[in-house]
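Chain IDs A, B, C and D follow the sequence of writing; residue 1 opens each chain.
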Amino acid sequence: MTTLIEPGHVPAGTGGTGVKRIGIIGTGIMGADHARLLTHAVSGAVVGGVFDLDDERARGVAGASGGAEVFTDPYALIADDAIDAVLIASSDATHEEYVLACVAAGKPVLCEKPLAPTVDGCARILDAETAHGSRLITVGFMRRFDPGYTDLKALLATGEIGAPLMLHNVHRNPAAVPGMPSANLITNSAVHELDITRWLFDDEISEVAVHAPRSSGNAGGTRDPQLLVLTTASGVLSDVEIFVNARYGYEVRCELVAETGTATLDAPPPTSVRRSGLHARELPADWRPRFAEAYRLELQDWIDGAGQGATAWDGFAATFVAQACVKALESGERYTVEMPSTPELYRR
Amino acid sequence: MTTLIEPGHVPAGTGGTGVKRIGIIGTGIMGADHARLLTHAVSGAVVGGVFDLDDERARGVAGASGGAEVFTDPYALIADDAIDAVLIASSDATHEEYVLACVAAGKPVLCEKPLAPTVDGCARILDAETAHGSRLITVGFMRRFDPGYTDLKALLATGEIGAPLMLHNVHRNPAAVPGMPSANLITNSAVHELDITRWLFDDEISEVAVHAPRSSGNAGGTRDPQLLVLTTASGVLSDVEIFVNARYGYEVRCELVAETGTATLDAPPPTSVRRSGLHARELPADWRPRFAEAYRLELQDWIDGAGQGATAWDGFAATFVAQACVKALESGERYTVEMPSTPELYRR
Amino acid sequence: MTTLIEPGHVPAGTGGTGVKRIGIIGTGIMGADHARLLTHAVSGAVVGGVFDLDDERARGVAGASGGAEVFTDPYALIADDAIDAVLIASSDATHEEYVLACVAAGKPVLCEKPLAPTVDGCARILDAETAHGSRLITVGFMRRFDPGYTDLKALLATGEIGAPLMLHNVHRNPAAVPGMPSANLITNSAVHELDITRWLFDDEISEVAVHAPRSSGNAGGTRDPQLLVLTTASGVLSDVEIFVNARYGYEVRCELVAETGTATLDAPPPTSVRRSGLHARELPADWRPRFAEAYRLELQDWIDGAGQGATAWDGFAATFVAQACVKALESGERYTVEMPSTPELYRR
Amino acid sequence: MTTLIEPGHVPAGTGGTGVKRIGIIGTGIMGADHARLLTHAVSGAVVGGVFDLDDERARGVAGASGGAEVFTDPYALIADDAIDAVLIASSDATHEEYVLACVAAGKPVLCEKPLAPTVDGCARILDAETAHGSRLITVGFMRRFDPGYTDLKALLATGEIGAPLMLHNVHRNPAAVPGMPSANLITNSAVHELDITRWLFDDEISEVAVHAPRSSGNAGGTRDPQLLVLTTASGVLSDVEIFVNARYGYEVRCELVAETGTATLDAPPPTSVRRSGLHARELPADWRPRFAEAYRLELQDWIDGAGQGATAWDGFAATFVAQACVKALESGERYTVEMPSTPELYRR
């Protein structure tokens, strides 16, 4: 039975080399990218096994990962002694069953967000981990490792700009499926800001409201953009513009407003170009270049067992608040978020 | 009887020189600054007379304005044949009576914002000007002349970033009187954004809500900062962070979000400095350096009779919406703004 | 006989109105722009008369300037009692004769740069003004009034970044006449940086070298770009990239390097746009928008008689150093600049 | 005998794990930092052994590197079968002997810059590697891996800004030992720009000149700053401001000027702060945070055997051009650089 010193820790491989063997469930865009990082950019890890419903896709990733074993049964992967820990990057609806299997097997697991799409699913996972008695689950809210966000948190800790009052967030994607359900802007996209707000202020979100202007003609009927207004228990206001058909590029920015100063995260690229009458910096086309460093650091932290990642409780809370925001969007009313109290296992 | 070709036009002086003689009522900070601009930086105008309750202050400004006449009665100044037009920069509560006197005298008048502090006062002015039958009144919403805001309006007109959806505004002052009434943040400060939102989108504000995080410990009990959320008749959302104890400096910024792109106004100064571990641009200490060019252009436009300034109707609308925002702040509810229809005189 | 209190002062008009009547010789792009500013954006001046070889062009500018008189003889304009001061914006080769005529008439004159294209021509002007005994001539090095450059000079005076060591200048135009003489990059364009270097450091340039990389394929045989390396008497190094076929836009920038910090002038516009994968600020197409404020302030200073403009000695020195740079370009050698000592009239 | 498929390739460890065991000679600031990266941030490597003249320092680094063996003889480390490749971070004067020993042992070696302090030393290394017949040596010019510099090279390759004409470089350190030899600014600091110029344009430097303004009062007699002007064989001009007592912080920037546009590398941090009247981004205190990512990618590339690092020939060329610059500084003359032709082993 594994005894974990650090939360989320991945134990050293049994081969005596100190290299940990990771099994990956789901080798789509995210899973393949994690496999690449584990193989080429993270110290102390190798991809030991992969599973995907699309067997050919699994074999491709296994080949690019130094010849990892291809499993045809995800539960066999989870159970295999040659797999030290599991990374779940399969479709959202499957997260719950795989995470529960990992907990049952006593194996550390990194699950892509969301932990589960429903509050009930998240609650079942909390129950299982609590019963297990130690933390095995890390949720892939990678922004917690982004150098920009960690700068903000470090700056707050210095007190140099005083106590926080507000956080203005902008979260834009170039394009989404036309007519996508309006709730998805909250549950799939703004959920990152829900987590970051909780993490940055070490505080729970206690009230939510959602305003929506007229929608973009490019949104195909989806209410896009939206403006979420979140208030934390201690009274910090965090507003979030989520706009998934912004067309011009991918962008995540925020400004933290405190009592004597503010800090802005905009993550400019290292170079700018003067051409055709413009002095410009490029914006990324999607989230992967923007958060490439965050993903690498998240995986390294997980492999090192450093325990800075989001817990199952964080995954539960993000889904819980997201559901309240969806209700607020639909009703036009402000909602008080009635979050259960934090289980003992997740209090630091 | 004056026949105006252009709205707000200041007629040429009777001396045949083409130079217009302006009378200034109120020679505090704003009035003195206007006197300086009219004397040294605007073509076609001189300060012909000044009045202030503080006679010594009036004499000082008159002397610095090339020897303008000092009046001891503001109504005498308004009536004097040697005064072609009147600029009102006295205390807010006195605006109504002086503006009404100018209308009665048939003289063009530039009144600092607010046109009047109450909706009723503004309505009486509208009635007077409507009865007069032509536009004599310009309201000093100088941001309409700021090169940054006019850039935004010009960009919208090109269609290059598509139709507008949102405007995110930030309006910060370093310090306010501790314990100042919370409503003043709206009526004195955010009123500029109320006007700019109407002007930029050529649209009326039809719904308002106000969110307030916990207040800064520096605010002495005032609810500061606040987040206004305004919606226009066509569905554009304009949110306004107003924070009058931001401490670090004076700052007015916004980002206009449209269907295919966004435009940000931040007005950086022409130089930046590298020193002591920082690469920095200076922020202005107050609104005067930030809007120096806007004030100059506003006055030049008024003297030229170019008619780009805010009308009495704009002054009325700003006060009307501000009152709705004050109610929304106090109640925590969303409010529909039931604005009267625009009188014929103000339709272009 | 004019008695000048301030150098370059334009006396008040004889009509008793305090408005000065300016005669403009040369109504091409620059002359027409000066006429517009004097008429619409400068306090205390009107255009009293214009002359141009192209009579129709002169009539157009006169009409747009409130009905100024059109002269068919530039010397008649200079001599006319209804002209208080003269602005010369005709072709470079004609500057000398018109400036000399103004000095002979005892009239203040603002001459566009260069004062004269040759060192000998400039010297004849110095002799005439010295013989006259007081300063009448201002040379149109408008950058001395640019808010960015005056910021740099003010910063140096505070001592906050210590004593100056270097100035890195970039000066780019989108396009020049293909095959233009290589010396023109120095005498027409970089001459602005020669003046700014002297003005900023209040120092003479004592040594020059010119380096030239391979030329742009767009330059049609002109040696373009070039890198001038200037050293002042006190040892400050000022390098100048001059590139007149930079294609992408017009740009003037510099970085001042001092003992404990540096200051950069880049004059960003007030707004930026996010569109098509770029976050960009626009660059001006030519020098007029970039230096619009400098031209206005230069004219206002001249009309006010505030005397901050470049003197005939500054005009002489710029042409003198430019000639040394041309020799350095042609020979590839470093040159010591053997400037005559400053005449008494120009020592402050 | 090692057979290398890729230049600079580090062979897989003999333990069959695929993890390469690196021996580090010199565990000062640079060596310790490399040990940390190899242990915690690079895939596929462990620190297998360390040597330092200061035995205690070596033990400290060995302990922090997962218990690497401490050697008391650097040649024993090089010879040890349990060491797959060697990283040299000892004092400059010792580089030559250790690199030669590695070549003699047929072991891949990453040598911190300079390859050797003298042209003769570098030549002896070239001879040894050429005699060996395949490339074993990588020189630690880490900037070749900096995301900013690789962006510039990638942009040039697209042709989007046309053919290169100039590169303006700024390289500043906050403080150096007072009275340090003036040549050190070139051989220790600007040598990075010599390498980057060669790498970016894939071209040799054929002419050099050095200009020096008056020195900073903080330099204690060293000629600081200096301006190097380098010209490549194809005529691109690369100027380098090197200033090692700039006081305000560490900064490396450049602007690449091409026929239709320019690209600037300034590497801003992800966040900016508004405080005390300034909107600022922090500048790093020294080179390590600025080039942290470059060092990591350089090591990963070396471990992966990807062969993007600088070769022994690049190390020779940098030292060769640096010597020419030192002569140019001392004489004040332009120098033609008479570089030998590239040996066959180093032609791609």
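What we mean here is this: a contact is a pair of C-beta atoms (placed from the backbone, for glycine too) under 8 Å apart; a residue touches a chain by one contact, two chains touch by 3 or more.
If you want to know which protein each chain is, UniProt gives these names: A, B, C, D = Inositol 2-dehydrogenase.
None of these values were measured; they are calculated from a predicted model.
Enquirer: Sort out for me whether B-D or A-D is joined by the greater number of C-beta contact pairs.
Expert: Output for the comparison: A-D.
Enquirer: Of the other chains, whose C-alpha centre is the longest way from the centre of subunit D?
Expert: Checked the centroid distances; the maximum from subunit D is B.
Enquirer: Please compute the C-alpha centroid of subunit B, do the same for subunit D, then give the distance between them in whole Å.
Expert: So the centroids are 58 Å from each other.
Enquirer: Based only on mean CA positions, could you tell me how far subunit C sits from subunit D in angstrom?
Expert: Chain centroid spacing, subunit C to subunit D, equals 45 Å.
Enquirer: Find the geometric centre of each of subunit A and subunit D from their Cα atoms only, then give the gap between the two centres in Å, rounded to an integer.
Expert: Those two chain centres are 37 Å apart.
Enquirer: Residues of subunit A touching 2+ other chains?
Expert: Counting only residues that touch two or more other chains, subunit A contributes 248, 260-262, 268, 274-276.
Enquirer: Any idea which subunit A residues touch subunit D in the complex?
Expert: Subunit A residues touching subunit D: 15, 17-19, 38-43, 45-46, 66, 146-148, 151-152, 155, 160-161, 260-276, 293, 300, 304.
Enquirer: Which bits of subunit C are touching subunit D when the two form their complex?
Expert: Spelled out, the residues of subunit C in touch with subunit D are 162-163, 165-166, 168, 170, 209, 211-218, 225, 227, 229, 231, 234-237, 239, 241, 243, 246-248, 255, 257, 259-262, 332, 334.
Enquirer: If you look only at subunit A, which of its residues touch subunit C in the complex?
Expert: Its residues touching subunit C are 248-249, 251, 268, 274-283, 285.
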